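One chain, subunit A, links the two complexes that follow: it is found with subunit B in the first and with subunit C in the second.
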Partner chain A sequence: MEKQKHGLSKYTGAAWLMILPFLLFFVVTILIPTLMSLYFSFASIGDKIDFIGLKNFIAVFKDPLFLQSYANTFIFMIGSIPITIFLSLLFAVLLNLPHVHGQGFFRTSYYLPAVTSVVAVASVFLTFYNPTGLLNNVVTHLGGQPIPWLTDPFWARISIIIISIWLNIGFYTVMFLAGLQNISSEIYESAEIDGASKMRQFFSITIPSLKPVILLGVILSTINGLGAFETPNILFKNSYGPENSAVTVGVNLYKTSFELVDYGKASAIAWTMVIVAVILSLIQFKIGGKRNDA
Partner chain B sequence: MTRKHRLNAIIVYAVLIIGMIIFIAPYVYMILAATQNNEVILGKNPFFGFGNYFLKNLQEVQKDYQYTQVLLNSVIITVIGTTISTVITTLAGYVLAKYRFRGGNLIFYLVMIARMVPQFALIIPTFYILSRMNLTNTYTGVILPSLASTTSVFMMRQYAMDFPTELMESARIDGASEFMIFRRIAVPVLQPAILTTGLLTFMGYWNAYLFPLIILSDPKKFTVPLVIQNMTQNTYKSLNYGALMSVLATSVVPIVILYILLQRKFRSNNVASAIK
Partner chain C sequence: MKLHRMFGGVMAAVVALTLAACGSGSSNSSSSSTPANPTLSSKRVKSGTLTAYVAKGKNTDWLKASLKLYNKKYGTDLKLNPTDVAPAVPMVQKITPMLVAKQSMPDLVFLQDSNAGAVMSKFSKDFYSSQDYGFVKKYGDDFYTAKMNYAKSIAPDKKVYGFPNDWGTTVLFYNDALFKKAGINFADVKTWDQMIDAGKTLKEKTGKNLMFMRDTGDLDTVKNIAMQLGAPLIDKNGAVDISNPKVIKAYSILKKIQDANIVSYGNMADYLKIGQQTGIIQAGGWFASMQQESYPNEKGDWRVRALPLVNASDKVIQPANGGSSYYVPKKSKNGLAAMQFLTFMLTDKSSLDAYIKLAGLPANTTAYKSAAANEGFAYYGGQKLTQEMNKITLDSLTVYSYPYVSDLDTYLAAASYDVKKNGTAPKAALDKQAQLFADKYSIKVVK
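Showing the complex of A and B:
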């Protein structure tokens, strides 16, 4: 033990040297900005920076747009997460069936949205949502009235939810597939021997085993949802959407900092986001356990 | 019984194929629409074939945005950023996995905590620092903020944990220096992991929107996503959807090809839980 310790300390210099470049950038571009951002949230920022206590946070919580941005995020989650999880689970279970061919091929095609620029995806859908675009073309051909995709608050939210579902299914499918492949086949075999039906096996073995993965998915979606910016920014051309229906925490933060140029208030908004993200991550750590980190 | 099996198989494949069409159709549409004009794209009778407007659309984008320069900007930023980031995060992940030293745990905990802080929290101070250093509207300004990717370090550390310590020890007996062990033994063994994290970083830079949006205001320095933003939000000129589609294709196609090529070396299950 002693010898090993001594032996390893010989390499400390080399270790530090190899980690140094990362450490340097980490401190300068992440650690210091994080601390600055925290300080900014308690400050008024003009020619000089003055500490003003909780004033920014008080202003933020009194701002109807701020409350609306959290409400919208919540609406988007309720609208998209259950459908996303249901469809991904369906695809993952089907792909995991023993005699399905072309698993890799299907998986790759489902995963494409996850590697594609969100700005590009939002722009394609912007074209689909055009008053005389492809979607309304289909609707009118079927005898329906054109849908006000981007001009009506209800449909504006639906438009965002559709994109979010389309973007996330592949990522979730791959995640669930990995989760399914981690369940040992012995459990199913002994259930088979006990005479459990396939349906029963699915609800008593598969779903409970996937619980940590589902939880991870919900939490990641929520954290990403708070920062959602590309989709609303492209669809609603840098506005808040009809009747503020598309303002997310990210949109509000961006506009507060770079259009209203109120860095203090924007930093306070950012830190409400940090607090929510940290709480959710801690919940995930606690319930999901370490197994999911790998 | 076999009939029932066959029916089941048909239903399974039907669902999987419908899924595939839903995910691939927008890409196909993007490429087809890049060759068409607004009359067809927004007309009553959409046409799902190639039109004759591809060159015209490209010329328009080139004229309005000097698009070749934009592509060059994106390539320079992505290649330099990915290279530096991959080197420093691979080294860091490897060291955090394989060396016990004073401060090592502290660094790891800081990285883990930083992973929870959303990018949005950093945009204001980052913009503040970069503008004081006169780095707005420069490649450096766009590359710098994303170099120290905590996700990459975390992933590389996870992968490097499996790298056998015995290999390092026998190399030490043969007199290899620590850096030599990294360069000659660890890098080749960890190559698939390095490619995976590298591809993620590449995607991050190529698709980046938020940081370039706040850092670049000079159209000569624009990257591809900024041109997309400009086209869709231009109030002076009505949007030519065909031209927009040709830009989208240049944004999407390189990544899709790269992803498919590297797909076999891609450890998708790890990637899935690491993207955050």
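Showing the complex of A and C:
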């Protein structure tokens, strides 16, 4: 018994030693900054740091712009995530068809936006959204009226949603494609023998098998969407857009940190993001889990 | 067991070291070679390297040129190690995490005045005060009154911390050649109403618009006119004051301009490109060097003057456009040397001349008495640009610095959008934005 206990201790110790480099990195670069940020959210940060309880959170919730920033962020997420996931899934399925030639080329092409700088992408789209830019040229050639892409609250949001979809679709396509390629072909062969149509196979085999990957995609894009910052910041030159339509939680957080130098309040905003992300993820897990059980 | 202990020990050491690093030196706030209370009479530092966070271009070039003159004059051996950081938000982004973590700092920090309020509201005690050093008492009167008034309002204790570098008002760049083509002598335009009429003629004769405006809601024109009427927008006590009759009057002029159909609308990103195709550009003096670089082919076409008045009989007040100052952190290595050098750079005649030659506009008014300040600029048809800018800046409105000043623009732009797109009455739109701004910062609205 003692020998076994001693052996286990030795084994555990070696394991700890092996993960020590990662743990050190984790503690220094993630854990301590996270805990400090949590403390900052209850403090006034300046030449000295004073604990002020919930004052930062109260100030944040009293600010109408804070609520507006969440409303905008949710609008962007609702407008972009379902379309991104749907189109990514569609492209992944198409790329996974057995007779598609040049899969590697398409995979790389679709993935390119994911590795392109958001700043560069937003800057290019900025020229497209110009009153006399590419998009309005197309619209007017088709007989339509020029669209006030960046000057109308509705279209300002659409402009951001379009860029978000364009930027993310490649990443999720590759992710779903990897998921699709992990589904055993034998399942499909059995379904064929049983007479299941392609559509039936898609909904009864592909989607259920891909469910964990889709769930991961939804969670990742939700977290990503919550932190939206670069695109609205570049499109609207560090302003809030027409009728504050482009202020996201990320933009508000940035301005609170680096324009107002209120790190306490900024940390409080950041922690509301953490709480919202956790709640949304739990809801998604719950929904995903229930459907799985069924 | 030993492994467990070792692991625990290492982790504890990491946590302790990280926290220590974050708070290192917090007990000793002054730099090693600097006395606790440095003053103008402190013994001159003979050697060292001054590290500086400063934007590349004319400001870094001035530091270099001035340091050469300084070393020659005092027989010192100071060197400069500049890091390129833009003076507005990027500088705040760079220095404030260092200030929070109590890290060692550069000797010189070049910060835009509009961003200084936010930094100093939290960290003023981490910087040397130019007032305590004796700079303000000895040289303060040489600087623009508006600059020094602004400098006094930056820190919560109303003490001056910055070493005043430059200051300017909004001026009018106008395409003289274009107006002449339309038969207009723009120098004769005295009021905004006359300028609107000139704009209509310009459009009729040349097809060009009078000016650029942001398509998401004007900000510049309304702010400039309101300030010309004496409205600082944030009052002396920090209350928001944007829905007063002066600002509403500014909106009535804005409406006249917009109704005259003489505006080119666009995104702020295209401000320079679109503005250059119109008759006038409202900008600070800094715009001159950018315009010369970007549009060399228009040499001789443009001129600079003050904005027209609202009424010909109005007292002349020019809208403040801001400036920059140097700050010396207490946790710098060569704080005293930095302050001694800054005192020279910002007050010595030969040093100020060097700045003017680099197209700088020093806040020190004595600089404009020199021959360098009276040179003509070929790009502006031989106009004595530096002297013209100085003449305009002497009438600068006194504005006040509070941490939230820079955010007010967003709210004014929102009011302009509301007025233009939704037809809301200016008073209602301004009242709404003033209240939202006041709610955000827990400040009062001037009724």
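Methods note: the second predicted complex is superposed on the first by the 245 of 294 C-alpha atoms of A that agree within 3 Å, B and C clash if a C-alpha of one lies under 4 Å from a C-alpha of the other, contacts with A are read in each partner's own complex, and residues count from 1 in each chain.
In this text, a residue touches a chain if its C-beta (ideal position, glycine included) is under 8 Å from a C-beta of that chain, and two chains touch if they have at least 3 such contacts.
Worth saying up front: this structure is predicted, and the values here are computed from it rather than measured.
Peer 1: Going by the contact rule set out at the top, does A:46 touch subunit B (first), subunit C (second), both, or neither?
Peer 2: The second partner, subunit C, only.
Peer 1: Touch test for A:23: subunit B only (first), subunit C only (second), both, or neither?
Peer 2: Once the two structures are laid over each other on A, A:23 reaches both partners.
Peer 1: Of the partners subunit B and subunit C, which touch A:171 in the superposed model: first, second, both, neither?
Peer 2: A:171 contacts subunit B only, not subunit C.
Peer 1: For A:259 in the superposed arrangement: first (subunit B), second (subunit C), both or neither?
Peer 2: Once the two structures are laid over each other on A, A:259 reaches subunit C alone.
Peer 1: A:59 in the overlay: touching subunit B, subunit C, both, or neither? Say first, second, both or neither.
Peer 2: A:59 sits against subunit C, while subunit B stays out of touch.
Peer 1: Of the two partners subunit B and subunit C, which one touches more residues belonging to subunit A?
Peer 2: Larger number of subunit A residues touched: B.
Peer 1: I'd like to know which partner A:94 touches here: subunit B for first, subunit C for second, both or neither.
Peer 2: It touches subunit B, and subunit C stays clear.
Peer 1: Looking at A:244, would you say it contacts subunit B, subunit C, both, or neither? Reply first, second, both or neither.
Peer 2: Once the two structures are laid over each other on A, A:244 reaches subunit C alone.
Peer 1: Scan A:137 for contacts with subunit B and subunit C and give back first, second, both or neither.
Peer 2: It touches subunit B, and subunit C stays clear.
Peer 1: Which partner chains sit in contact with A:76 here, subunit B, subunit C, both or neither? Use first/second/both/neither.
Peer 2: neither
Peer 1: Where on subunit A do subunit B and subunit C both make contact?
Peer 2: 9, 14, 16-17, 23, 32, 36, 126, 130, 237-238, 257-258, 263
Peer 1: Give every residue of subunit C touching subunit A within the complex, in rising order.
Peer 2: It comes out as residues 1-4, 7, 10-11, 14-15, 18-19, 22, 89, 92-93, 96, 99-100, 115, 118-119, 121-126, 215-217, 265-270, 403-404, 406-407, 409-410, 413-414, 417-418, 421, 436, 439-440, 442.
Peer 1: Which of the residues in subunit A come into contact with subunit B in the complex?
Peer 2: Per the stated touch rule, the residues are 8-9, 11-12, 14-19, 21-23, 25-26, 29-34, 36-37, 40, 87, 90-91, 94-95, 97, 99-100, 104, 106-121, 123-128, 130, 132-134, 137, 166, 169-171, 174-175, 177-178, 181, 216, 220, 223, 226-227, 229-230, 233-234, 237-238, 249-250, 253-254, 257-258, 263, 266-267, 270-271, 273-274, 277-278, 281, 292-294.
Peer 1: Mind listing the subunit A positions that touch subunit C in their complex?
Peer 2: Contacts found on subunit A: 9-10, 13-14, 16-17, 20, 23-24, 27-28, 32, 36, 45-49, 59, 62-65, 126, 130-131, 148, 150-152, 236-244, 255, 257-263.
Peer 1: For a test of understanding, state which residues of subunit B touch subunit A in their complex under the given definition.
Peer 2: Counting only subunit B, the residues touching subunit A are 9, 12-13, 15-16, 19-20, 22-24, 26-27, 29-30, 33, 41-44, 46, 87-89, 91-92, 94-96, 99-102, 104, 107, 110-111, 114, 116-129, 144-145, 147-148, 150, 153, 158, 177-179, 182, 203, 206-207, 209-210, 214, 224-225, 228-229, 232-233, 241, 244-245, 248, 251-252, 255-256, 259-260, 263, 268-273, 275-276.
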